[in-house]
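Multiple structures follow.
First subunit A sits with subunit B, and in the next complex the same chain sits with subunit C.
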Partner chain A sequence: MNHAIELVNVSKTFRGQNNREFRAIEQLNLQIHDGEFFSLLGPSGCGKTTLLRMIAGFETPTAGEVVIHGEAMRDRPAFHRPVNTVFQNYALFPHLTVAENVAFGLEMDNLPKAQIRSRVGDVLALVKLNGLENRRPRQLSGGQQQRVALARALVKKPQVLLFDEPLGALDLKLRKAMQLELKHMQQQIGITFVYVTHDQEEALTMSNRIAVMSDGHILQVGTPTDIYEEPNCRFVADFIGESNFLIGQVIEQSMGGIVALIDGELTLSVPYEPEIPVGKIITLVIRPEKVTIHPDTSGENHGLRGTVKDVVYIGTDTRFVIQLTSRSELIVRRQNIHHGNLDTFTLGEQVQIRVAPNSIRVLEEGSLSPDIVQDTINTPPKSV
Partner chain B sequence: MNSAASPDFKHTVDLAIRHVGRFGLWAITLGGLAFLYLPIAILVVYSFNASRMNAVWRGFTLDWYRSLFAGVTESGVDVTNAQIWDALWNSLWVGGISTVVATILGTLVALALERFRFKGRNALEALLFLPIIIPDITMGISLLVLFSLLFQLLQTVLGVRLVLDLNTVMIGHITFNISYVAVTVRSRIAELDPALEEAAMDLGADELRTFWRVTLPLIFPGILSGALLAFTLSLDDFVITFFTAGVGSTTLPVFVYGMIKLAVTPAINAISTLMLLASLLIVLLSLALQRRST
Partner chain C sequence: MFNALKTHFATATNRRRFNLAVLAVPATVWLLFFFVLPLVIVLLYSVLERGIYGGVEWQFTLENYQRLLNPIYWGIFGRSLWLAFMTTLACLLLGYPLAFFIASRPPQWRNTLLLLVIIPFWTNFLVRIYAWIVILRQEGVINVLLQSFNLIDQPLDLLFNSFAVTVGLIYGYLPFMILPLYATLERFDFSLLDAAQDLGANDLKTLIRVVIPLTLRGVVAGSLLVFIPAVGEFITPDILGGAKTVMMGNLVQSQFLSARNWPFGSVLSIVMIVIVLIPIVIYFRVAEEKLNA
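And now, the complex of A and B:
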């Protein structure tokens, strides 16, 4: 597959006041495929904008190379790069009308007037702004300004379109509508979108692939499903959606599975292929919606149990906080499919918990407090 | 119904207090305005006074204005109108040239200070404020000293003899006007969102086209109000002009001062009224431009 954009060992160090260095991006490698909707997702300050600005040509990498469609961009100024940007606060020219804003990029290419007029008309129709040609940016609503910014970049027919949190200033309803519209537009015209956002739901909704960033590094790249179902580290699991983290120690490995001792109290068997030494500390990630709770009627000495600590009704779902061990709680989400027809649980009640072992994700990271490690060595595990 | 008497009374007192308060506010405002504008109003009124003496009102006349344009009034007073027109022309010439030069240089200084980080930037910034802060008289004397030293040097080295004239006045005005223009333009550039220039480059405009198509149009209101400010300051300047002007190169304010030394005639009131009118028009124009741009 062709790469629209390739970042090779890219670093960016800012030199601030009194010459203090700040590493915004460190040794970063990334390939973005031609024609995909690619999102850079991460908390504020992790370096998303800096990365995007290096692709656009507004910042020069301190080291490494930005390659667009096979061409190295070193020494190529922003105005000679085959990419266009939709800016965070739109950056519309206040002294020009909507039509003049959109025509600006074509005038810079010295196209004939007639061609400019027809292309501006076409793109304004595409973003549904006909009739507003002669307005100034300040006479438009936020959503309309957003569309002008989009039209102004699209009209240049770039191979890659860059977005820096373009929907951040819109209200929730409009933002949701624009997310779908942008996604459909990208599928329709087929060019590469590189989309910066700190909103994980937005990234999951729109993207073909997502890169999760933290502190100037990329932690994981993958499809929305990959990222959500198989996070490769605690940060990703925590940042995308909601997660329960249980910290434990491997006490046995056999037949593609491991047995983990949680908090020195509770054993769990989960499938895990890679070789892992006994005694290793691991983190188990369990998504709240993948757990079900049931009345503890069986009387069998089998499965997980816990006590109900809290019940919160939030409309679509009910959230249960279950005390699993003396140190760990488990958040469980139950969709309110029926009304009045679901099991109810009271605070302090002992319940049975079921979770499919293959929906538990094992991460080889984490640390236990020393007293638990002691416990593990001296006392045998309870039961399961 | 009986119990309503007391609230009624309270209401009346409230109203009275409010009336007094409102009257007081008006009185203070009017007093302040009178203090500021009464002298000017008197000047304007007496420029239409038929009497030669400023103190007595002898009826309405346009004689003094006529005298400015015709030279001789019915009462036969010569206000040396040719000299007035010369002085006015000098003022406009000095104001015009110094405004153009100071506007271009001041804008460049403002752009450099806002956009580039270079050695000596802080020093330049401090120096820029100096002509605004230091007293006119200091500035005038230093310019005078500078010019005479320079002229002496030129005469001994090159044998060229230069004297104070309108050009030295112009240089003096340029020096202080650069600062005012730079400060005015700079505040405008500081308000400019840098993303706008990036957007222009993103759309394919190189540095030069970005400057002409985006930067300049957006800071133009600032440049224009800087220029108008410079022009008014130049027209009004007395002290610095007084020190840097040579014989026969007076501007209007210096000429008017010279006339007063001879005799205070209502013609001076007429000239002052016209100067007031011109300044007012320029300020209004500048305000209108600024309002339109924001």
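And now, the complex of A and C:
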């Protein structure tokens, strides 16, 4: 597969006040395929915008190489790169009209006037801004300004379009509409989009692939499904959607599965292929919507039990907080599909909890607090 | 009922208007006495005959204006305009990069740098202009340095000519250019530089197409602040220009103080006011329209 963008061992160090060094990006490698919608996702300060600015040419990597369509960009200034950017605050030229803003990039390429006019007209039609050609940016709404910024970048027909949190300033409804519109536009014109955002839902909605970043590193790259269903670390599981984390210790491994002891009180069997030594501390990730909650039919001994600690009705779902062990709680989301099943559990009620074992994700990380380690050693586990 | 309410609100609005008008009274009185009245006196004197020992005779005449036709004065007006224009241009070329530099520093540095620009004001203007004599004269700093490096045989004539006057004017008025330029550049959105580069503009094109148009207001304001006082300057040409470089201001000064021809001095003052008004009118008519479009 062709790579639109390749980052090879890229590092970026900023020299801040008092000459203190700040490592924004460290030894980062990444390939972005041609024609895909790729998102860089992470909390603020994780280095995603710095990464984007290095691709655009506004920042120079301290080490490593940015390669765009097979060409190393080391000595290429921003104005000679085959990429264009849609900026966070749009950065529209306030002294120019909509049409002049869009034409700016083409004028820089010294294209003939007639060609500029027709291309500006085409792209304004594409972003549905016909009729506003002679307005100035400050006479436009936020959504319209956003479209001008998009048109201004698109009109140059770049091989790669870069987005720096372009929807951040829009209200929720407009943002959701623009997300779908951007996604369809990308499918229609087929160029590579690299999209920086801190909004996980936005990234999941639009992207073919996502890179989750933290502290200047990429933690995981994958499709939205990969990232959500199979997070490779606790940070990713925590940042994308909601997760329950149960810290446990492997007490048995057999036939493609492990048995984990949670808080010295509770054992769980989960499928897990890789070799893992008994005694290893692990983290189990359980998504709240993958758990179901049932009345405790007494007598049956299998399955998990817990006490209802909190019930929060939030319209589409109801969230239950279940006290699972003396130390761990489990958040459960139940979709409110039937009118009849609302509020069937009360505080303090003993309930049964079911979760498909293959919906539990095992992470080989985590640490127990010292007193739990003590407990585990002293009390032999109850068998289930 | 409705009408009563309307009257009530109308009086409330009127009262507020009155209260606001009161705020303008002190400045208005001050301007009437020290700006409008002197201007009227100058206008009046310009059409009266000169007194023998200064002052005026109360006799209407237009002779004072006829004297303006003498080419000698045109030469002096021309020189004043030319020197003021060169000063403005030089201040712009020196001040713009500096203002840009200061405005693009981190915020904690900007005030310190601005302070450095303003510091010369703490010394008396006369003293600062006299200091240039020490620098420019034949045994001055520049000539001594150039000679000690064997770059010149004879000391250069740097003092008592238009060059010295221009140097003095540039030196004196540079801060008046930098401060308004800084004020507009400080509000300049530097992310527009990224945007221009991103769209294929190199540094020069970015400057011409984005930075200058968006800071035109500061350029115009700074140019006016330099040009207007420079045209009427009389201290700098008096000290650094010697007898050869007379400017309009010197002419006015000499008419009032040496020649004791107050009416002609008034005429020259009016000419100066008109000359200075021209760029201001251009500023308000043309530039404002363009900037507000």
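The rule we apply is simple: the second predicted complex is superposed on the first by the 379 of 384 C-alpha atoms of A that agree within 3 Å, B and C clash if a C-alpha of one lies under 4 Å from a C-alpha of the other, contacts with A are read in each partner's own complex, and residues count from 1 in each chain.
Note that in this section a residue touches a chain if its C-beta (ideal position, glycine included) is under 8 Å from a C-beta of that chain, and two chains touch if they have at least 3 such contacts.
What you see is a predicted model; the values in this text were computed from it and never measured.
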Do subunit B and subunit C fit side by side on subunit A in the superposed arrangement, or is it a clash?
clash
Which of subunit B and subunit C A:F14 touches, first, second, both or neither
neither
Touching partner for A:F22 - first (subunit B), second (subunit C), both, neither
neither
Check: subunit A residues flagged as touching subunit B and also subunit C 56-58, 77-80, 84-85, 87, 89, 91-95, 104-105, 108-109, 152-153, 156
Please name which positions on subunit A make contact with subunit C in the complex.
56-58, 77-80, 83-85, 87, 89, 91-95, 104-105, 108-109, 152-153, 156
Partner subunit A, residues of subunit B touching it in the complex:
193, 195-196, 198-206, 209, 213-214, 217-218
Which stretch or stretches of subunit A touch subunit B in the complex?
56-58, 77-80, 84-85, 87-89, 91-95, 104-105, 108-109, 152-153, 156
Given the complex with subunit A, which residues does subunit C contribute to the contact?
189, 191-192, 194-202, 205, 209-210, 213-214
